[in-house]
Amino acid sequence: MFYRPKTAQATRISRRRFLELGGYGATMLGTGSLAVGLNSTIMSTPVQAASSDEAKWKQYAGSKLTFLSENTPPSFAIRDNIKAFYDLTGIEVEILTDDLPVVQQKCGIDLRSGKSDYTLQYVQDKPIGSPFADFYVDLSKMFGDETLPQDMEGYGDDAWFENFLSACGRFYSGEKIIALPYDAAIAVTFFRQDLFEKHTKDFEAEYGYRLEYNADSTWKNVLDIATFFKKLKEGGADVPYGYAQHQGSFAWTTQLDIQRMMFAHGRWIDFNIDDKIGSKEPGPTNWGDAQSVLMLEKFKALADVSHPDNLANGTLELNTVYQSGNIAMQVQYHEFAASVEDANTSVAAGGKTAYAPCPKGEADWILNGGPAVNGTNCGIGGIGINANAPEELQRAAYLFAIWSTSKNIQYDVLKGLGGTPTRKSVLEIPEVQAAQQRPSAMPNALTFDAVYNYGIKDPNFVLGPKIPEANEYHSIIASETQRMLSGDMSPEETAASLKSQLDDLNEA
Amino acid sequence: MATVTIKNVWKYYGETPAVKDLNITCPDGSFVSILGPSGCGKSSTMRMLAGLEHISAGDILFDDQRVNDLAPKDRDVAMVFENYALYPHKTVYENIANPLRLRKASEDTIKARVTGAAKLLEISHLLERRPHELSGGQKQRVAIGRAIVREPKLFLFDEPIAHLDAKLRAHMRGEIKHLQRSLGTTMIYVTHDQLEALSMADYIAVMHDGELQQWGTPAEIFNHPVNAWVAGFVGEPAMNFLTCDIKGQGDDVLLRHSNFEIPLLPGQVRQLNGAAQAGTARMGVRPDALSISMTRPDEAAMQGEIFVNELLGGDMLVEVQLDDCRIRVKTTPEFEGKPGENCFLSVNRDKWHVFDAGDGHAYF
Amino acid sequence: MASRDVVSYDTPLSRALKVLAGLFLALYLVWTLLPFFVMFVSSFKDLLEAFKLPAVGDWAGITVFFEFTPTFKHYTSLFTENSFGTYILNSLIAAGGSAVISVIFGSLAAYSLSRVDFRGKQDLFFWIISTRMAPVVAVMVPLYAIFRSLDLVGTLPGLILAYTTFNLPFAIWILKGFFDNVPFAIEEAQMVDGSTRFQAFRSILPLVAPGIGAFVVLCILFAWNDFLFAAIIGSGGAKTLPVATRELVQPQNIQWGSIMAAGVVTTAPMMLLGLVIRKYLVTGLTMGAVKE
Amino acid sequence: MTDVSPISANPREVAAQIFRARAHSAEVEARPQSEITNKPRSFNPPMPKRYYYYLMAPAIAILAFISLYPFFWLIVMSLQDVDIGGGEWVGFKNYVKLFSDGRFLDGWWLLAQYSVMCLGLQVGLGVLLAVVVNSSKYEKYLVTALLMPMMMAPAVAGLLWLFLYNGTFGWYHWILQSAGILDNASILASANTAMYAIVLVDVWQWTPLITIIALAGLKRVPRDQLEANMVDGASPLRNFFAITMPNLYPVLLIAVLLRFMDNFRFIDSVLVLTGGGPGSATKILPVYLFEVAFKFFKLGRGAAIALTLLIVTIILGKLLVRVFEKPQNEKG
């Protein structure tokens, strides 16, 4: 602890912390030595552009970094593999994982108070990227820096799946890249093909078409299916409900839930801004127009025939409902496939579940013009670097950022705990190709057709408003929508209330 | 108004008997005092009368009605508690009115009765106050007011004036007695203070260790205690006891002590009835049945040494060392003996008592 | 001498009331204890077993609850896959540290407040107690900002200090009441006997020691059970049990078995402590207003 | 409360024993009882006052640092549009905006509803339970069993009830459904019932507090008052309302105020159970404050909300302290 190597440039050791405490009279606690510092340490060995790759990777050997991430599979998988990074660079990385709301809280606090306890952060596109975009390092300046190692595939839009880099890396300007795609959750439709087959005759007799679900199925079909199952169930049949929404307490998944339907119908979005880049001044919202009112009506109609616990089930709980066999269909983030396909935790495993893109817009329900699309949204988790950190620390962090998003690591993660490749090249690996068919060694891969061939492609892909007030925006949307679903407000009132609150929020 | 009969009543708390086979009959309209030291079972008896304790065995009758299983509210008794038990959140008026309200008396009746009772007790000016604004004596009157407002069959007073100062206590004794006389209601009055019992009651029941020791008028209790315990408990200053030999000498029977030999009166010899001949007995004599002088008045006088003099206002109490025991004598303040001086005591044999040395019962 | 209870007589009404009271008590006990039972049993169930429910209205189907093969894996996973060992230690240090600090400084202050009069004492006293009553969230906002600038966030000393915000005023308030009940005459007598002021103070310690011990335990209880401070101030380096339990709600699967097991681990020690200081609980939980 | 109770009596008794053991007690005992007070007589203090201040100083300093200093910060922040690092002065804008903020006003309204419901149920059930338990032979064991919920961390209690309420596998959900109380949806899933759900958890956890407080109160109802009233002609039921309840009011008032403030203080279980939803059906003010401060990072607005919450709490606290002190004034 007292040995300090000569190469140490800036240290943020617990002793300084200790002295500071002392200065404030807190030393009387006598427990200063217990301080569990989230310290990062930096040590560097300067390198030249001409140095070997190995030397470039090793230039910060002996340093220590902290990465605050969401508790998702990639983070756990990378934590399991962290020794590989240490062997490569000599840098120790502590990976802390938390619930997304907690991560968001901690990042916000760290960034806005000018600290850099967490050098590396999980930049979830809207909850974290939108409000805090200005606090992250512009990575594009490091791309091509010859004193740093670089990924062979590069970092251009081509290297990643469509839209991924923009989603998590570009905020309010096309030039800066603040994060590299690290993790992604893309909405797809999970449905019980076994149950659909079983009831298709009855369904056809009533609705005139087969009980099937595919890329052309529309939100109206979903409404029909949900209505059908609900009726069956209320007639006493032993069937699950047909559908359920994500209207529990996770505000932004609640917002995403309604956004999919809105966007499917004429690509409706909240503000007239560039959806990919966002805007700090989004101006007046589109809520309150006829299209939005109609969508709210339909959303409410769908809720009324959905699982009765709609308003208590967040994304996680919803998946539990599906796993336990209580709904026949859900629009869910593809990464949940692994848990659905696990026979130990799910009754929907073993080929009972099929995966397809999100529902399409119903042509009759489009009032504003525009196409009917398979409106699909996602959460793209980027890895970004805290701009409050000293430059050398930023450079060391960069090493981890490119390593953790490289093709091989992504493949390892996919094999390990599941996860989502963000680099196109990963999908080309033969094992990954094979896993897209049953029986699959990587259950998440079963969704890849829906994810990569439909969901993330334009025109289906919607990101949602990147605005600085994203979090309050989510909260407002969630609570007003839920109030409507509880019957407190009509769709018109809801749309009007959203309009006034959002315009007030953005001071538009 | 009622005759109260307590028949073979027992009270147990768990395994411990508090009242043992008690038999008392209180005549209608009488003022009966239950007297005894704390723990003698007198309060338990009263609480059984009120219905605040179940009766373990035996019967209690009001007139001819067996009340064992009646709740207090159905017994038509009124009780004054040692700590007054006033309702602190109610005014004096409401405190007194409470029993009437609970019996759904009309508002007019209540008003008339409460003001009447208040007038009788001279607390009319206090009616709007709350208990915490009252002095001890005033609280006590309110408690009595609450009892008398209703004209019950039976009054139960549980050491009602024990917490008052001496002067007020003396005053209240008179008042309570007067009150009972004028209302004519049977009253049972529990006290540990023999002076209260002697001065107020028509009859006294002396209790000790859960057992009735003696039942009688105050004069009977004072002059003819049935045993040494009653004799010792009743009377202030307390009776002197001396252990003596009984010795026959011709026709006489002598009470012999190391210090003296005194013959019994002839009637007393008969009362002794030979039972304790030639044995030991306890002689009891009240301090006012002795006289003291500095010169020997006669042969039978006892000789002792003055230990201490206590002046009690109009009387003087002299404690005399008599061989190995001390005896107290009441005399006048004019007595001039000094501690350490020799003195002589003579006893008024009409007023002495002899108790059995074993069970302590009185021969006379 | 008198019976324990005020006398009651048998009437049809009193019999009916007795039956009703027994029924109410039984129902209430079921409602209050059932959650513990479910928690305990569920901590030994596999996920799908925990999901089994009888059909609605099928009261006989209640036996499903007991159809499972007990597994201890949730408990082991708490300590292998999660670092519950560390969290227990964090909880212990944070709660214990703040309790000890609060009671030491609290008893000194309480003793002084009890023994000396000065102008503004009532106001000082009210300020102390209002500190304890302030809504946690309201206090958190500025406290966070301050702790932040002192680098106390995410550290155990930070958490200890945060817990002290509610434990210290609590200790002062309640111990003052305690010292108030120790007659000053004892100390005077000691001093008359020739002891020094400090020795005199020491002489009353045996009188208050059991109480002080109990309030250390109560302070531990309050701190141990805290969630908000631990989530915000302790986030990161000083994760305590309630926060760790909450975080078992994972995005992929809500690990109900582990959550129930963690619930047992978090709750059981406090229940034992609660039993130990049972006598002082009422006094403590009512801020000394009610004594049992 | 006014009586010397066993706990407080304890030190006194021990003290009394010590007295008796001491030979020199004559001087002390000769003093009338009322003079054996807890305070030094004002003349001739046995220790210079400043030593007392020295003893107080550390605690006061710590408290000042963690309570007074933050309080001023809070005021400053509430007048700013503030980031954690600093902010710009905006005067009373934060306050002005609050009164057009429906969520703020709703938050107060919901908090009031929540508190009143919790307290109503807790007091009703708690007193009833205390009466029943008080007349039971097994009082000691019953109280121990009843105390259990209070020992549980509110956040853990929230999780436990989340599990029990779950519409898919929750046993309480099943019981409610089977008993016909709930139709289909989980109790947390409807804006109409979610409030009851969080109230029930609070009731589950904190009714025992009211019970033990009431139990302590019951033990101190003067027996002779009860008996006097019985002799006066009251039935047991009548006696309960006429004597027992009035004697319980002071302790119950304390219990109510304490719980009121705790409902302001603790939102752990609500955060875990509903996070304020569905919609904003359970977004009681502290939950909204938490959201504003730690989700939206509007620390200025958060500070303003926090101050309103603090002011109400302080008023309640004043009331409580007054109740605390009242019995002593009225004594005798």
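Chains here go by letter, A, B, C and D, matching the order in which they are written, and residues are numbered from 1 within each.
The definition used in the following text is that a contact is a pair of C-beta atoms (placed from the backbone, for glycine too) under 8 Å apart; a residue touches a chain by one contact, two chains touch by 3 or more.
For clarity, every value in this text was computed on a predicted model and none was experimentally measured.
Novice: Out of A-D and B-C, which chain pair has the most contact pairs?
Specialist: It is A-D, judged by the count of C-beta pairs in contact.
Novice: With centres defined as the mean C-alpha position, give me the chain A-chain D separation in Å.
Specialist: 41
Novice: Cα centroid separation between chain A and chain B, in whole Å?
Specialist: Centres of chain A and chain B (C-alpha means) sit 93 Å apart.
Novice: How far is the middle of chain B from the middle of chain C, if each middle is the mean of its Cα atoms, in Å?
Specialist: One centre to the other, that is 57 Å.
Novice: Quick one: chain C and chain D, Cα centre-to-centre, how many Å?
Specialist: Chain centres of chain C and chain D, defined by C-alpha means, are spaced 13 Å apart.
Novice: Among the residues of chain D, which ones contact at least 2 other chains?
Specialist: Within chain D, the residues that touch at least two other chains are 58, 84, 168-169, 227, 230, 294.
Novice: Quick check on chain A: which residues sit in contact with 2+ other chains?
Specialist: 24, 28, 105, 109, 113, 317, 320, 324 - these are the residues of chain A that touch more than one other chain.
Novice: By the touch rule stated above, which residues of chain B touch at least two different other chains?
Specialist: Each of 51-52, 71-72 in chain B touches at least two other chains.
Novice: Tell me, which pairs of chains are in touch?
Specialist: Chain pairs that touch: A-C, A-D, B-C, B-D, C-D.
Novice: Across the complex, what residues on chain B touch chain D?
Specialist: By the definition above, chain B touches chain D via 50-52, 71-73, 77-79, 81-89, 98-99, 102-103, 132, 146, 156.
Novice: Under the touch definition given earlier, write down the residues of chain D that touch chain B in their complex.
Specialist: 222, 224-225, 227-235, 238, 242-243, 246, 330, 332
Novice: Which positions of chain B touch chain C when the two form their complex?
Specialist: 13, 18, 39, 43-44, 47, 51-54, 69-72
Novice: Sort out for me which residues of chain C touch chain A in the complex.
Specialist: Counting only chain C, the residues touching chain A are 46-48, 51, 93, 97, 101, 144-145, 148-157, 160-161, 231-232, 235-238, 246-247, 249-254.
Novice: Could you please specify the touching residues of chain D with respect to chain A in the complex?
Specialist: Interface residues on the chain D side: 58, 61, 65, 83-85, 103, 165-169, 183-186, 188-192, 194, 274-281, 283, 291, 294-298.
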